[in-house]
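Some structures to go through are shown next.
Two complexes follow with subunit A in common, the first pairing it with subunit B and the second with subunit C.
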Partner chain A sequence: MATEYALRMGDGKRIFLSKEKILEELEAGSADAADLGEIPTLSGNEIDKVAEILMMPGKTVSVEQGMEVPVTHDIGTLRIDGDQGNSGVGIPSSRLVGCMMHERAFGADTMELGHIDYSYKPVKPVISNECQAMEVCQQNMIVPLFYGAMPNMGLYYTPDGPFENPGDLMKAFKIQEAWDSMEHSAEHLTRDTIWIMQKLMASGSDGVNFDTIGAAGDGDFFGSLHAIEALRKEFPNIYIEAGMAGECVLGMHGELKYDGTTLAGLWPHQQAPLAAKAGASVFGPVCNTNTSKTSPWNLGRAVTFMKAAVKASTIPCHVDMGMGVGGIPMLETPPIDAVTRASKAMVEIAGVDGI
Partner chain B sequence: MASKEELIQELTDAIISCKKDRVLEAVEKAKGVMEPSEIIEKGLAAGMNEVGTLFERGKLFLPHVMMAADAMTAGVQVLEAEMPAGEQKKKMGVIVNGTVEGDVHDIGKSIVSTMLQSAGFEVHDIGRDVPIRDFVNKAKEVNADMIGLSALMTTTLPGQKEVIELLKEEGMRDRVKVMVGGAPATQAWADKISADCYAENASEAVAKAKELIVKK
Partner chain C sequence: MGMPISHIMASGMTGIRAAGDLVARMEFSKKMRIGEAKEYVAKKLGVESMDLSDEHVMRELREELDIGVITSVAGAAKGIAAKMNIEKLLDTKINSCDLFRKQIA
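Right after this comes the complex of A and B.
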């Protein structure tokens, strides 16, 4: 009987696969990415190398010496003090303590201050509190500290915001009204993000993290790119991380363009040049994990997408690695065996500049 | 005179163009050569299937799907006026769709609702963060054939099971099919909670809804 290796499904379930099956799954995952993104598949050598990483005997693995990359941490300190049943370990701590723990104990190369609501719009009424927290953190920390939140354009639609929900409008065949609603929301998203970051830059922030751009589709991407462009113009030295929500920009609007390129339907390697053009310092590409597929299938697919993004990008790519992305299973606490294997593959084969 | 194959291609292309006037023009042209039911099935419906495929591949987008559906409806209306009463297009079925309580994710569910509607289902999208009881009440109110349950978080996934349990308590489980979806859902999860089906994406949701409701 062939040796079988302990791996996982995309939902985290433990599975055992032979080397032949692992190679087969890696090839299928890579082919899927290549087909969707119209990009090259991984070469035979690259597939073999990913398989080798997956079959390593240790519970955790690491990159080869000299290949270490910077690690940027998002979602603020919510993983420490958050206790909402999804993310967070519920350790009572202030945001300052949380940020300093990431800097001094967890080895984060940069850190982000974020609010519990973690979207830009709800930061507006608590901006003074956020500015004060930023100042205090900056006075106590050495690593670059950014302010971060999600553009989350959905908050501008009913029932959370002033503009009618485009999903409802489209179902009523009110296409023009849906387009208008998305365009108005994008304008407000841009305006709010700029206003918030003007305040936080005045309070000493080293930069901004746009976390999960495009979560509400191409309008969200459009509004975020314009915010990035305006912030770069106003603050020439600001560090801007543009992290995506998913692998493909959902075409909720379908007609929005940036720099002459239609935003809907763009894959990571097509998104990266636009983030750079807008003025981002770092691009955060994403590949979603399919919970019904094996970890080799997901990793083969994710590495293929990320390799193409790294090649196309003129700015560093810090790949999004975590629960349900980057070939990692979708579990509240992602299993360490899968996290370290996927991360090693991203650095050594996709060539990402950071995580 | 155009051959049947050419007319079918023209109908399909017209639907993919998402332009109502082009669809109506193609329907008028095909009317004298093909039976209305054939125009609908081989031309218009085939075009909508292709629109679904292009949507899944990121080549066509949500507004385009709705425009294509609107154009198809206009074409079908023209044809139905000429069809015997028994042959007219029947409603595909009634579906209540929503995201379970505690989960505010809206877009994936909305895309599924839109695609189901464009495929001819009567869809009642009851929104996101929907209390368990509301799914059952709405299903009773509209005499639904199916309930669609979306969840994007592992923590809200159990809400799908709770709706199924409530349907059983209410004695409705045998007549209401249940479809589950969302990133953390899998076929194994659907089997575990005794859902009737799991759909990985919007196109699959349409295909499986057709299969289940037709079987029913």
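Right after this comes the complex of A and C.
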């Protein structure tokens, strides 16, 4: 009987696969990414290397010494004091305590301050509180400290926001009205993000993290790129991290362009140059995890997408590797064996500049 | 919580335990790719790139340069003070330090 290795499904469930099956799954995952993105598949050597990482006997694995990369953090301190809706562990603590714990106890390379709702729009009514927290944190922190939140353009649609829901309008065949609603929402998203970051830069923030750009489709990407462009112009030294929500920009609008490029349907290697053009310092590419597929399939696919993005990008790429992206299983407590294997493969095979 | 800590242990530069914050600053402030950022920081610190993730090398060096360590060494620079020393060391500007300078001018 062939030796079988303990691996995972995309939902985290343990499975056992032979070496032949692992190679087969890696090749299939890589081929899927190559087909969708029209990018090269991983070479035979690269497939072998990822397989070797997956078959390592230890529960945790790590990069070779000297190959370490900065690990940046999204969601700020919410993972400590936040509720389950934000995958937080609910430990009562101030945000300053959360930031300092990440810096001094966990060994974080950068940290982020975020609002409990973690979207830009709801920050507006409590901006003074956010500025106060940023000032106190900056006085005490040494690692780069960002302000971060989600562009979350969906909050600008009814019933949460002022513009009619484009989904409802499209169902009524009001296409032009749906487009108008998305364009108005994107304008407001750009305007709000700039205003919030003007206040936080005046309070000493190192920069801004756009977390999950494009979650509401191409309008969300459009509004975020324009906000990045304006912030770079106003603050030439601002640190800007542009992290995506998904591997493909959904064409909710379909006609929006940035720098002459249609945003709908772009894959990570096509998104990266636009983020750089807008003025981002670091780009965060994403590859979504398919819960019905194996970890070799998901990892082969994710590494293929990320390798192409790293190659196409002119700025550093910090691959998004939270729950359900970057080859990580989709659950709140992703198994550490799977996390560390994906982490190592992204650094050593895809060549990412950070995580 | 386990996921970010797993990444730090598997691939991270461990922040101010070593030189992860310094390499991250060069990626973000100058858009340097990982190899260039490590080379830049290593040159400024007078060490090899591999030493940037070595706690044994960096602990002593960080204390010597007064750029902040994880423990509360009495009298050592912390927070803004440590970042002002990092600015000089890396030849870069840090926004919170600029703000602090304006406030005491």
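Please note the rule applied: the second predicted complex is superposed on the first by the 353 of 355 C-alpha atoms of A that agree within 3 Å, B and C clash if a C-alpha of one lies under 4 Å from a C-alpha of the other, contacts with A are read in each partner's own complex, and residues count from 1 in each chain.
We take it that a residue touches a chain if its C-beta (ideal position, glycine included) is under 8 Å from a C-beta of that chain, and two chains touch if they have at least 3 such contacts.
Worth saying up front: this structure is predicted, and the values here are computed from it rather than measured.
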item: Touched partner set for A:G284, first subunit B, second subunit C, both or neither; value: neither
item: Subunit B versus subunit C as contact partner of A:G148, first or second or both or neither; value: neither
item: Partner chain(s) touched by A:G214 [first = subunit B, second = subunit C, both, neither]; value: neither
item: First, second, both or neither for A:G66, with subunit B first and subunit C second; value: second
item: First (subunit B), second (subunit C), both or neither touched by A:G243; value: neither
item: Larger contact residue set on subunit A - subunit B or subunit C; value: C
item: Partner chain(s) touched by A:M201 [first = subunit B, second = subunit C, both, neither]; value: second
item: Which superposed partner A:I336 touches (first subunit B, second subunit C, both, neither); value: second
item: Partner chain(s) touched by A:G223 [first = subunit B, second = subunit C, both, neither]; value: neither
item: Interfacial residue positions of subunit C with respect to subunit A in the complex; value: 1-17, 20-21, 23-25, 27-29, 31-34, 37, 49-50, 52-53, 67-68, 70-71, 78-80, 82-83, 86, 93-96, 99-100
item: Touch list for subunit A against partner subunit B, complex; value: 9-11, 13, 36, 85-86, 154, 165, 167-168, 170-171, 173, 175, 178-179, 215-218, 248, 250-255, 264-267, 288-292, 324, 330-332
item: Residues of subunit A that touch subunit C when the two form their complex; value: 60-63, 65-73, 79-80, 89, 103-110, 138-145, 201-207, 237-241, 281-282, 314-316, 321-323, 328, 333-334, 336, 339-340, 343-344, 346-347, 352-355
item: Subunit B residues within the subunit A interface of the complex; value: 57-64, 66-67, 70, 106-107, 110-111, 113-114, 117, 123, 125, 153-155, 183-189, 200
